[in-house]
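Since the structure comes first, as structure tokens, the remarks are kept for the end.
Read from first to last, the chains carry the letters A, B, C and D; within each, the first residue is number 1.
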Amino acid sequence: MIDIYSQLPILLIAIPLFAAPVCVLLGGRWLTYLLSVVVCGTTFAISIGLMQQVIKYGPIHYEIGNWKPPYGIEYVVDGLSGFVMMFVSALAAIVLLYGKPSIDAEIPRSKHYLFYASYLLCMTGLLGMCITGDLFNVFVFLEISSLSSYALISLGRTRRAPLAALQYLILGTIGATFFLIGIGLLYQMTGTLNMSDIANRLDTETGPRTLLVAFGFMTVGLFVKMAVFPLHSWLPNAYTYAPSVVTAFVAATATKVSVYAFIRLVFGIFKPEFAFEQMPLGTLLLTLSLVGIFIASTAAIFQDDVKRLLAYSSIAQIGYMLLGIGMATTDSLTAGIVHMFNHALIKGGLFMVVGCFVLRLGSSRLSDWRGAAKTMPLTSLAWAIGGLGLIGVPMTAGFVSKWLLLTSAFESNHQLVAGMMLVSSLLAVVYVWRVVETLYFSEQPSAAAKEASEAPVWMLVPMYAVIFAVLVFGVWTQFSAGLAAEAAQSLLPLDLVPTAPTVSPGGTP
Amino acid sequence: MISFPIIRVVSKLLIPYILLFALYVQFHGDFGPGGGFQAGVIFASAIVLYAMVFGLPAAYEVAPPKVIEKLVAVGLLLYAGTGFASLFLPRPNQDVPVTGNFLEYEVFQHNLLPGILPTGQHLGIFLVELGVGITVTAVMIIIFYAFAGRERVA
Amino acid sequence: MSTEQFLGLYNYWIVIFLMMTGFYIVIARNNLVKTIIGLNIFQISVILLYVSMGKISGGTAPIVPPSMVSHGHADVPHVAHADNHADARPHDLHSDETKDLAHDHQDDHDNEHDSHAAQESRGTAEDHKETDSPDALVNHPVSDSDHHAADSAHDEQLTYSNPLPSVLMLTAIVVGIATTALALALIVRIREDYGTIEEDEILEMDRAA
Amino acid sequence: MIEWTGSNAIWIAMALPLLAVFWVFLFGNVPNLREAGSIVVSIVLFCVNVSLSKLVFRGGRPEFSFGEMLPGFELNFVVEPLGMVFALVASGLWVLTTIYAIGYMRGHHESNQTRFFACFAAAIFAAMAAAFAGNLFTLFIAYEIMTVSTYPLVTHHGDAKAKAGGRMYLGILLSTSIAFFMFAIVWTWQLAGTTDFREGGILSQAFEENRISSVLLAVLLGLFAYGIGKAALMPIHRWLPAAMVAPTPVSALLHAVAVVKVGVFSVLKVAVYIFGIDLLADTGASEWLCYVAGATILLGSLVAMTKDNLKARLAYSTVSQLAYITLGAALATPASVVGGGMHIAMHAVGKITLFFCAGAIYVGAHKTDISDMRGLGRAMPFTFGAFLLAAISIIGLPPGGGSWSKWFLAVGTVDRGMYFLTATLMVSSLLNIAYLVPIPVRAFLTPAGQEPMKINEAPLMCVVPLCITAVGSVLLFFFANEIYSVLEPIVGVQPDPS
């Protein structure tokens, strides 16, 4: 009989990939919806199974077609990729479970089966980027997820949706092509595409200048996909005009997976010594992310459309993850990874809340949300809790990552960064609270809010599952921080020696 | 187009050969340069030519859009199905029975009509290429339909 | 850099020229279709980069020659099939021997780089050597004396180009086609909704709305 | 069964208010049941605290830990005398406030009462957690929970004014705590390797090892003093008057007891257990804070005099009185620290009485402005009588409890040789007289205005609690010695074993 455990890595990718064309074959709305939910659920279950195996026995290697690694494509599940895959598949499943009424309301019925097919393909692409151990394969999966997300975004109701998708497509393609150039140069230098093989063969200390070029191209390419300031311009429009369900899914997962790919690139392929000592990646990341956090958060404050507000907030939050990477200590990397997870939860949850409001109020403009807390108390409460998470109030997940980031900044003597980080997070208070006030403390409820009713139960339940998770992972940190710490430990076992002499704690001069 | 009889006649003559060539590229891909990808494009080009010369409605009759859309999925499923099939078949020449990995073509070895039916690696590649060929054909046609038939379909 | 060196890198100059042209078009053009054309040129340049990387002057297509097949291989080898799933990539060289060949090639190519570079001192191999890339793709099918099957098959006409970049690029082309098709489909919809495909006019209309 | 030990008492004390939160939500539609539950829980909580205090005042230091929440940071609770006094005051006054709030809210037909009582209990939970916090990390978390849970109380009315007040409240408290407090905690952690509250402080070693200069110590203290925005040190005191838009019981309990006292309590704890009073005294790092506190004392009193709205006047009075406690911490002498600790209790009881009176006047006579209160004393004798007693305590005149705490603070200023501050305290007391005493005096002595007197005392549920607290503020005068002796251990004096 087939040994299901040893085949889990490929099933994770193959099942949704297989299900997508089945959706097209089936057509219709209900059948494809059920199939997609079942497939997403299965995928989630598989990713949990994989994670368990990883925790028990260490990294899993799977050879596709039984071709040995440097030549064949290898799938690798380790602590980091397993962790990322787990929350990506979990959010994909939950968002889909939640999204039926929203999908019905926002997407033309004749296109539903195509929507589900694209959704599954997008998830496949994201999971594939995580699991594959082959660099070119990363590009392929990156494009699978990108292409399907362009299609998903263009399904938005307004005429701006196709334009937003096109803008994303142009920038995304340029980013992906940059990444491809980098892969080509690496292949030229090493003659292999297997990531660990490249890492072994790459002489990062005395390597040729081509190395720098490759690194530059790949970094910039991923920066576009991560929406790092100043390459973020595609993101606000894409998130704003996409259907709410798509926004919830893409915002929660897509940029995180790109961050994951970036972490792999920096710590797995190029050595951190190369990236942070020979290349000024640390300074670059710290500067870009701090500037980005300030500018994007400020921009978020002035948005009237809540989706756009959250989109700008996402750009800012990516900055926090990059801060964690940029400080390049084991602890800061842990903080960055934890923030990936926490932010995926929080942003996913908040966009789900937005979806509920859009369903009932017909708009994501803040002025239409006035006084909606009266008629939609549960949804509004979910926003308040999620918003607290975004601000980083204690007992929410956002606090955990912020605290970890803060302590690691102090440990690596980046006090200035720590201070700016804290000040910048105050901006989040402003933009989150604007919405809370509008919801709860508006004297004149909008016409839509007066007549609105509470969102349907089967949207509320999955949404509250995510919101509840925000609270749970704010208290129970062993899971998220523990797994992240292990992953960071394996990527960066020793902190880089700081180049500038600093006063080390505990040492007497 | 009715007023260009030469074009009509020539295309009618050419299309079978284009299709034949596509099939050649498809099935000889195992032995020489070629394969499902190239074959699919060639095959689709025949349909496109037909549609251009005889009009879209005629092409819709030959290759109905609904069917073509499903064919995209069928091709993909053939490819993915080959992968899944390899999960369930035992690896040849093993002491302990072990099933194959995804897309491990070795497991397709069999002894039916040796020399005529492809076997093992060959069979696996054959199936995958066939799936690719179908998908590429269908996708190319559907892209053409999507642009050429925009006003009528919408 | 001498003129000779400069010209020796001609493939890179072409790639860079195309890349910049494409990039410029993407940035400077208002017409959405033209932007997509620019994007295509940009992608094509990368395809050229890869393909020129794997090409050896005088190298043939990597088809396993009959002389090797006769070494007890019942299977008819198939070659360089191309498809849009990246998985098939390494399987191009089908038989076990060829797998080993590739293996040895990779293990030893450091040492043998020089001799082969001398032998094939044109095109990319040389270029890589003269720029500071040590492990340029030197594509020689067989090189090591200890390989049993290779001995008989070792002759000049077996010099073939590395098929891998080409196969990779096949995938990239598929991606490119998909992107272009999607982009054009979006442009069709934009044109239907806005009545124009000039970006500044569209933005103007959005601002007015 | 759960064994009755100190550490069990700690989590029970924190679980009880949470229980009340759930209870209130559960029976949100049955007002009687909802409020009965609140009262019962508050009484039980007080009893738990009393029994716990016996152990603590005998020198016990019960501990309870939830384990590591983040690597290196534990959720840890240790009860020491200062926290115990604070917990006793908060839980004791919670009982009275609950009774009072029921009368007030019903007398006023306020909406959203369920949310009100739930948030109220949540705030008490935060106060308990803060009082028992065993390290800065835990304190910070409790502090933030309190900020968030009290926000809905401030904006209770939901009108533009409440919204503006709430925005100011949340804006200042959250931003100072995130920008300064959090930063200071992590900095401390980096310097000392721990954030535990320990006797004698944890920063002295870092100072001896030259890892922090005395100037930076002063900066760190500043981060704490301003990060703990609830201490309402000028110029970040604005949230406190702004929060007065809340219903009066909220102002009474939270802005006279729980919220603001968490602030000054935290400042005291940081001064005593993080810096250590010896370190502060030796390095002079807190000298600037003495002057800032002194300025706040004076300015707060001066501004209070200009306010005609009773609650606004009391709010500025609170700003001023809180600065007394901060001053006690900043002076860093044994007498001043103990005096500061005593003032937490004295001021809490006194100020809550004043707020109760303000609320009772509002319920009974619908008056908020002091100028309208002429002659009201005859109609509401108990209310204004209580007001007078409490005012005496706040001013620091015998037989009010406040006289003792102010005495010790004055002793502290003399110990440090800061005679200028001694004078400030005296002037401030005069100002206190000027802005507090005329209110009851005018109410009793001036004849009423032209309007006919149809005003009666507020409902019994309002009047009884305020009488109890007024009597309490006088009783504290006689029990000051007990408070002093239980607080002494925090400055290193071991308790009498007898």
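Just so it is clear, a residue touches a chain if its C-beta (ideal position, glycine included) is under 8 Å from a C-beta of that chain, and two chains touch if they have at least 3 such contacts.
This is a predicted model, so every value here is computed, not measured.
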Under the touch definition above, the chains in contact with both chain B and chain C are A
With centres defined as CA means, the chain nearest the overall centre is A
Dominant interface by pair count is A-C
With centres defined as the mean of Cα atoms, the chain at greatest distance from chain C is chain D
CA centroids of chain B and chain D: separation to the nearest Å works out as 79
Expressed in whole Å, how far the mean CA point of chain A lies from that of chain D is 43
Chain-centre distance (mean CA atoms) for chain A and chain B, in whole Å, is 37
Chain centres from averaged Cα atoms put chain A and chain C apart, in whole Å, by 31
Where chain D touches two or more other chains at once, the residues are none
By the touch definition above, chain A meets two or more other chains at residues 64-65
For chain B, residue numbers touching 2 or more other chains are 103, 105
Every chain pair meeting the touch definition is listed as A-B, A-C, A-D, B-C
In the complex, the residues of chain A that touch chain B are 1-3, 7, 10, 14, 17-18, 20-22, 24-25, 62-66
Interface with chain C, chain B side, in the complex: residues 29-38, 79, 103, 105, 120-122, 125, 128-129, 132, 135-136, 143, 146-147, 150, 154
The residues of chain C that touch chain B in their complex are 61, 63, 75-76, 78-85, 87-88, 91, 94, 170, 174, 181, 184-185, 188, 192
As the complex stands, chain C meets chain A at residues 23, 26, 32, 35-36, 39, 42-43, 46, 49-50, 53, 86-87, 89-91, 99, 102-103, 106, 109, 128, 131-137, 164-165, 168, 171-172, 175, 178-179, 182-183, 186-187, 189-190, 193-194, 202, 206
In their shared complex, chain A is touched by residues of chain D numbered 69-73, 140-141, 144-145, 148, 155, 158-160, 162-163, 166-167, 170-171, 174-175, 178-179, 182-183, 186-187, 189-191, 193, 209-211
